[in-house]
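Look for chain A in each of the two complexes below; its partner is chain B in the first and chain C in the second.
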Partner chain A sequence: MSNIAGKAYAMNVITPIRWYMVWINRLIFKIALNRPSTLKGLITLSLIHYARWVIIPRNAFPRLDENQPKEDLNYAYMLFFSNFNGSWDQYVDSFTFAIPAGLDLFWKWNVRYPKSVPLTPFHDYIRHNQIDTAHYYNAYPMAASNDVKSAKKVKKALIDFNAVSSDKAPDDFLKDYNKLLNDLQLQLGEMKPTPIVSLSSYEVKKRYEQTQTH
Partner chain B sequence: MATKSGNATALTVLSPIKNGTMGETSYADMTRERCLRLPIHEKSPLSKVPNTYLARLFILDDVFYESLPANDAVFNFSDIWSFFSDSARKKSLPRRDHLKSKYLVFSSNFYGDLDDYLTGLWDKWSYTDHDGNQRDIRYIWEHCVAFDRVTDCAGFIQYIKRCQLDASLFFNGSTDDSLQEQLKALYLKQEFTKFAVAHQGKSAIEIQQAFKAFIARVQPDNLSSPSWFPGQSTP
Partner chain C sequence: MTQNLDLTDIQGNIIKAYGAYNYQKARYLFLRIDKGDKGRKFVGAITTKVTSAVPWEKSSKDTDSAVKPQATTNIAFTFAGLKALELPMASLRGFPEDFIMGMAKRKDILGDDGPSDPQNWDNIWKEEVHAWISINGQSIDAVIKRYDWVLEQIKASDGGVTLLTGHRGENGEDDLPYQDASVLYDATGTPTPKEHFGYTDGIGDPVFEGQINVSARVLGRGKLTREGNWEPLATGEFLLGHVDEAMEYPQTAPAPWLLALNGTYMVYRKLHENIGTFNRFLEEQSKHFPGSKEMLAAKFAGRWRDNGAPIVNAPDDESKERWDKQYAEADEAGRKKMLTDFTYNQDITGAKCPYSAHIRRINPRGSLEYGVKDAYDTPGALVNRRRILRRGLPYGEVKDATRDDGNHGIIFMALNVDIQRQFEFIQQQWINYANDFKEGNDKEVLLGNHDANNPGKVVLQVEPGSGKPPHFVSKIPRLVETRGGDYFFIPSITALKLIAAGMVDPT
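The block that comes next holds the complex of A and B.
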């Protein structure tokens, strides 16, 4: 089991939703999709790399062969996948504190959803419905989502600065260079394996090494 | 389409695993073990699949019964009936669901188009397992229903599309640049941070000369090299 790959945590949650309420959830997601302002709260949660919600109607689980038994379900199911930085608690709590109303809107029609406030029942609900990941891959284990976003700004600023200022007279160069550093001060920072989840990362590595030898 | 956010794509795949066992081990457990034993970080076979940002594999054994108390409007209302009879009380409880198949779930966030990505998955996925055997993508999907009919890349793409589920909402909190672009930017951020620290307080001429040498070394416009490599876990 490995929910962690470097600085990223993989969350998988599957929750039942009454089949006759699926259309409402789909409508809510569609509105959120077409009106980006509704996702403002999510954007403030800058610890997220990518997240998604998938609704599986109760008769839509993939069936590939006549011999495969047909699912016979009372409920449709909503899958939630997220890739975020930091610990489980930090993530779940930041959702509750930053976008409690949005969270309730997305999960409202799920069976026995306790609402995002207070925290303890919400924690219980997520834990109860969470599935551990067997293999998790992250293309940049040392980078947080904020690093990816800031790196894009650094790259552009460096290329622009090199084109405009690198051949100036030394004093003018230094003036521009200091301005570059000033402009990029929120974007710079050395990336290393994170200390926050290093114990978890260590455990993941240890477990992995065990699977390679047994 | 909700499975796209700019150039970033969300792929969700549920492949049913055959019911049954080989010896004493179920096909689902065999598939799970193969996923668990995959090498991690830069050695993961996914590091070879072009443009994979983040991806995961797990086994969906069953769905959960909602046994926890909650502030659920519909059921709170129906709970009232439990005052009148025990059968009403039982009817007010959530229904019990069980899946008849276990599913291999593959969820990937990647740059570009689905067909190109799945071609990369088929062509590039490879690793050496703990017994020293070379494995391709078929090893993971081997025990899935109808996968024995997949013989080539086109068949694999068709198979995965039959197992694919559309996302209702895909949220991109990162960028939608190609992975090569993202990795180069991260490399530059790392190197320029070190440069800025190393040259604090030096003279204008020294910094200018060093900066020119720095640019010649890091080649900001050259995406392929020097750069971070996919899955790189140490500086």
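The block that comes next holds the complex of A and C.
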């Protein structure tokens, strides 16, 4: 088990909400989605690959199978699912400092949510409600979301360049090529394996690899 | 909230970069504590000469200040050292994981691989180090005098402590009992703020609440506010027992309170500079760089080598001339402002100061908002908890500028309350990796742990829309190598007395 695969950490946090408060959270989500400015901090944060909040009503908690008995729940739940680059601490730190008000808004109606600052009670709250990832597959372990975004831009620009410039005379070709590089100068980072962000997760990986070679 | 620090209780090296106070020479000693009781007695003896942070007197009538000594002394301990001094388990278990493990075991986090691997460090690091004693002197004679005094205390400890040997030296030695460091001098023998690659160093150091004369120094050195002003950082980023930027007391403090209060953690690293490789690399790369060699060197560091001019305000040879002229005409305060008061917010594309530049990587100021207006709670949201105080000096001498194998580099010391969150984060995420800068795995040029078999590159951005290609600096060799180091706890003077008396009691 590890929450880390390649450059991504998968975090699942599931927190109770009083069922009669759910409508407020739904309203908040709706407003956030309709007013992109509320999410700009989240989007600007380089380390976030993906983040999603979902409300699970009290009587709709998923079951694996019809045969799994239905639970009688006292609360509705909010599932927070996020994939990010770096370690747990690095993420939670950056998250709280960049967008404390946004976090407080989303979790405000959740039972015993402490507010995002000061940090330690927030740390404890997340860790307490986090469900560790038992199985995590990452098809592109060397890619962070910034790498994917850059790669998409580079790919498109190259295809366009090829269509427009491939048959040009050398001087014009060079000019176009230089312009291409200029347009892409913020997208040319190299993709290599992740730095080791967590020694415990690194140990897990090393032990796993040992079992594979035997 | 402004608070007055108890400067009599704080060790002087935390508050003062001695190099800036005309202490041109330093000597660092490392010890092993062999016997708890005698070791504690030794700590007590050293404590009598430990230099506090009390300001040095300007006039003899100034009663709140101390006479500036010829030499200073400070002391710090590794986790193994505190164990050897027999601190109670209830105190020991309160220290953070990074400090407990020590630097060598953190090599995968720090990227200390290949030539920087602990097995290539100076011999002294192959033993367990327990304590660090630093002596800074206004002259080498003052350093030696204090060193002799420390040797007497070691002798008087009667087998309680051992001075460890194994530092590499100037003439091929590998068994020296101390590490010397010194400011570098120019041809006329005048001290300079240079390091061996030729850069001007020691300009920017964080400013935090409780320091003296904050308003005069905070520009470009504190934290950036939404209004574009600079404010001092929270004291608790640099001193335990004080409130930090997260509005709480640092969680890295051991119990009891008095053991932690006014103490901090120190990262000690001996960083060898490959001078020959650096000079050849700069020469080679500047052949096809559209600008002078000095301009290229400035792009690596973020500051020009000769006077430290920030390249973000002097991005090319022409603008540098203008900057120099203005600098020459400015008064003392104006010059300081020109050196420190800048951000990268007018340079979101990196056309002036590239994203890979040492000082932009290490302190991005407000620029991780990428020009998105009000993206974060505060422009420095991702930076304010990643700051470190630097207290280093160059060591060794460059005898042959075409070679790497001499003994020359920087004794780098970083002070912070949370090694993992501050120093290690910078080293790992910003020097050896670049996702936060949207540059993938491109490492910082000067410090990155570049791999000789698979060398990296960086992109020096140019004006967008200019049609000009960015400049690629490729095949970057390893320019700086780690030669040793460890993590230390610098206790307050009260805590030193408690440790010495065997009176640390966390119940």
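The rule is simple: the second predicted complex is superposed on the first by the 190 of 214 C-alpha atoms of A that agree within 3 Å, B and C clash if a C-alpha of one lies under 4 Å from a C-alpha of the other, contacts with A are read in each partner's own complex, and residues count from 1 in each chain.
Just so we're on the same page, contacts are C-beta pairs under 8 Å (C-beta built on N, C-alpha and C of every residue); 3 or more make two chains touch, one makes a residue touch a chain.
Model, not experiment: these values are computed from the prediction.
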item: Superposition on chain A - do chain B and chain C clash or fit; value: fit
item: Chain B versus chain C as contact partner of A:179, first or second or both or neither; value: second
item: Partner chain(s) touched by A:150 [first = chain B, second = chain C, both, neither]; value: both
item: Touched partner set for A:105, first chain B, second chain C, both or neither; value: neither
item: Per-residue contact with chain A, leading partner among chain C and chain B; value: B
item: Which superposed partner A:117 touches (first chain B, second chain C, both, neither); value: second
item: Which superposed partner A:128 touches (first chain B, second chain C, both, neither); value: first
item: First, second, both or neither for A:188, with chain B first and chain C second; value: both
item: First, second, both or neither for A:41, with chain B first and chain C second; value: second
item: Chain B versus chain C as contact partner of A:97, first or second or both or neither; value: second
item: Overlay on chain A, chain C to chain B nearest C-alpha distance, Å; value: 6
item: Intersection of chain A interface sets (partners chain B, chain C); value: 45-47, 147, 150, 177, 181, 187-193
item: Residues on chain C engaged by chain A in the complex (per definition of touch); value: 106, 108-109, 111, 245-248, 251, 349-350, 368-370, 372, 374-378, 381-382, 384-385, 420-421, 425, 428-429, 432-442, 454, 456-457, 459, 461-462, 464-470
item: For the chain A and chain B complex, residues of the former touching the latter; value: 1-2, 5-6, 8, 10, 12, 14-16, 18, 25-26, 29-30, 32-33, 39, 42-43, 45-56, 60-65, 67-75, 77, 79, 81, 83, 106, 111-115, 121, 124-125, 128-129, 131-143, 145, 147-152, 154-155, 158-159, 162, 166, 170-171, 173-174, 177, 181, 184, 187-193, 204-205, 208, 211-213
item: Residues on chain B engaged by chain A in the complex (per definition of touch); value: 2, 8, 10, 12, 14-16, 19, 32, 35-41, 44, 46-47, 52-60, 63-64, 66-72, 74-75, 94-97, 99-101, 103, 105, 107, 109, 130, 144-146, 159, 162-163, 165-175, 177, 179, 182-186, 188-190, 192-194, 196, 203-205, 207-208, 211-212, 215, 220-221, 228, 230-235
item: Chain A - residues contacting chain C, complex; value: 7, 40-41, 44-47, 85-86, 89-90, 93-94, 96-101, 117-120, 144, 146-147, 150, 175, 177-179, 181-183, 185-197, 199, 202
